[in-house]
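What follows is a group of structures, each given as structure tokens.
First chain A sits with chain B, and in the next complex the same chain sits with chain C.
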Partner chain A sequence: MITCKISEINNYTVATILIAEANLDHSAKFKEQLIKLIDEGKQKIVVSFDLVTYVDSSFLGALVAALKHAIANDAEIIVACLNKDVEDLFKLIRLDKVFTIIPNLIALA
Partner chain B sequence: MLENSSKSILIVDDNVLMLKVLEKAFSNANYKCYMAEGADEALDILVNTKPDIILSDYEMPEKNGFYLRERIIENEATRKIPFVFLTAHQSKHLMLEGLNLKAIDYITKDTPIDVIVFKVNNVLHTVEEQYQTSVDELKIAAEALNFKSVPHKEPVIENWQIGFLHKPYKDFPGGDFIDCITIKKSHTFFIVGDVMGKKWKAWFFAFGILSYIRSAIRICVLDSITSPAAIMQKINHVICQDDTLQDMLCSLSILVLNHADGKITYAGAGDLPIMLFNHQKQALNTIHADGWLLGLSTKAVYKEEEIWLQNNDTLAIFTDGLIDGIVNNIKKSDYDSFKKEWTNWMLQEEEYISIFTQIKKKEAVDDASLLFLKKTS
Partner chain C sequence: MNEHSFYKCLITCSCYSHSILPNLQKLLSILKECYLNKITADKEKKIKHFFVEMYTNAIKHANVGNFEIEIDCYENEVFITKTDFGTKLPLPIQLLEGLTDEPVLIYNNLFGKKGQHLQIEFFVNNDIQVDPLNMFEHFGLQIIASSVDAFYYQYDTDKKSNIFKTKLFL
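Here is the complex of A and B:
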């Protein structure tokens, strides 16, 4: 069972989260998958929240921990396809200042 | 017998008739049933569902019960769900292989259906008892450490009413904490924090970080610094440079109340906007800080702002557990809904104790903490 499906669009590695409720149960696996991508040398990683309806603080913690690892390895994590509630949460706790947020994957093509 | 009103079970069997019989029996025993006709369908269900127990046939075409069991224990999110094999055979070899895969029990298909239900009940009951014993031991250890997520009573400050709400998730200590430190009877520091994560791991980090915060405040005050932004900056540097806290992120609100003039100075790190209710205008405003989560980067910059309350104005500082809820069986975060609810409470001039009682009755999906401040005269 995987938390993210990995695909490539041009120079971007897209990690699409496959769960609706992104929570503590999935956060460790999610972080592990992102860190593996960074360690494999992927430099532009897009995390798609297209299927996600709810994110808890554990999962956000995993995303930010992966970002710290990315920054240390000259890589970038972009966040995409947030629903309104999740995007509002990102803005409320200033994660929109930390991540580049794009509305969809069209711009990558 | 175990009460099953909130229990759920995933039943896996390629025999549709058997599946229906089991579904009926477990539904009658008040289980919420998830049904799968094969390993792949079961794994799909487990992506977004976490049943209390799994009952799976061993013999299924293409992918058998052992395959399913192996995939389940590979996944951190599912490996701890109790798993029971259902098999047509009483083969010792098969049983041993299954038990090696940490299956809790074997039930043969010729077992009467009501006995199958009874056995599953017993398995769940035993698992719950063992779990509760471990939790009780941890709680005793936590109490021995004498770390409280919230002070045992609110400070008494002339002309101010102060209330704390702390609602742990599922009764576990978690990552939320509230503290208040009065220095030289002239300033009181109010702290509301949330270490990202849940349950014990977050609680242990909260234990560590609150020690840092308390130290930082006292050291700063010794140097005559009462600026929450300066204190936040120092705490962030320490956390970023502490290798043991590399995976730790924390939101934090610091408010400093000057007893002499009533001025409040506020700095925030990744915290939710705080809510100021103006009693005279009968209007609620939100105050947004701009600091990043603690532990993210040493480059983060923290600023502060002054807040002045008039008589009967209130401030609410809270963690994300207050905005998370379940609507139509779907979890969601909704700051605006909580803001509306809070505004109504303030318009109706509800006492904070009554508000806290109402909040405590709501179903929670995370730790929830709130600091309430009211200027009384």
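Here is the complex of A and C:
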């Protein structure tokens, strides 16, 4: 199953997560997709959580693994469109200090 | 604790991720019935965060298809305990064997310290800012410890079970 739909907005590569329950069943595939984008040379990746209703620690772990790979390759990962619950979870474990979080994709246009 | 619980129940859960949300709803229904308006939106959010992680941890670590969640309600606090029959958590040996009274850094900003009867109490120190490149990619215990008022772990060597006991003030 494809975890993310990939699109381009200006200089940004947008990976829109297509699953509502972003959990351990999907985390490995998600990480693989993000790392592939970085290895292809994409430097500004925006991960959109627009369709995600909840996220678990496995999925967040995959996102952080991808971020580490991005930093090592001079790329960046921006997180977008978090619902209140997911944003609160980011804040709870202080990932809001690690990722740039934007409320929507309008700023990219 | 001197008072007696006024409600106690045991839920047998299956180790599949599609069972997480139905069991979360079951837990919330029970708590709302027991505590009425004490389950505020903020409490509900915290319950959701730690329950999803306790469940996810069981799915990852249980060696059999089911595990148990016990709900034990007191007037102003609830204990929610997960027991799975799986592999012992890979924690520092000083913690697992109760060799020190000092808090031990586990990873990121998560610490453990010796509790009673070989229990380990987990807690987070939010003054610590972890560099992303050095960040450990496991956040489950951190999420639980950050969402509840107390979080204890014990490995029962006789029963070979992992016990996560959480306390939430209501």
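What we mean here is this: the second predicted complex is superposed on the first by the 109 of 109 C-alpha atoms of A that agree within 3 Å, B and C clash if a C-alpha of one lies under 4 Å from a C-alpha of the other, contacts with A are read in each partner's own complex, and residues count from 1 in each chain.
The criterion applied here is as follows: a contact is a pair of C-beta atoms (placed from the backbone, for glycine too) under 8 Å apart; a residue touches a chain by one contact, two chains touch by 3 or more.
Just so it is clear, the structure is predicted and the values come from calculations on it, not from any experiment.
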Per-residue touch tally on chain A - higher for chain B or for chain C: B
Partner chain in contact with A:89 - chain B first, chain C second, else both or neither: both
Partner chain(s) touched by A:24 [first = chain B, second = chain C, both, neither]: both
Partner chain in contact with A:61 - chain B first, chain C second, else both or neither: both
Contacts of A:97 with chain B and chain C, given as first, second, both or neither: both
Chain B and chain C contact sites that coincide on chain A, given as residue numbers: 21, 24-25, 54, 56-58, 60-61, 64-65, 67-68, 71, 85, 88-89, 92-94, 97-98
Of chain B, residues touching chain A in the complex: 43, 46-48, 50, 71-72, 74-78, 175, 194, 196-199, 202, 246-247, 249, 251, 270-273, 290-293, 296-297, 320, 324, 330-336, 365-366
Chain A residues touching chain B - in the complex, by the definition given at the top: 1, 18-21, 24-29, 53-58, 60-61, 64-65, 67-68, 71, 85-86, 88-89, 92-95, 97-98
Residues on chain C engaged by chain A in the complex (per definition of touch): 17, 20-21, 45, 48-49, 52-53, 56, 59-60, 108-109, 126, 129-130, 132-133, 135, 137-140, 142-143, 146-147
Chain A residues touching chain C - in the complex, by the definition given at the top: 21, 23-25, 54, 56-58, 60-62, 64-65, 67-68, 71-72, 85, 88-89, 92-94, 97-98
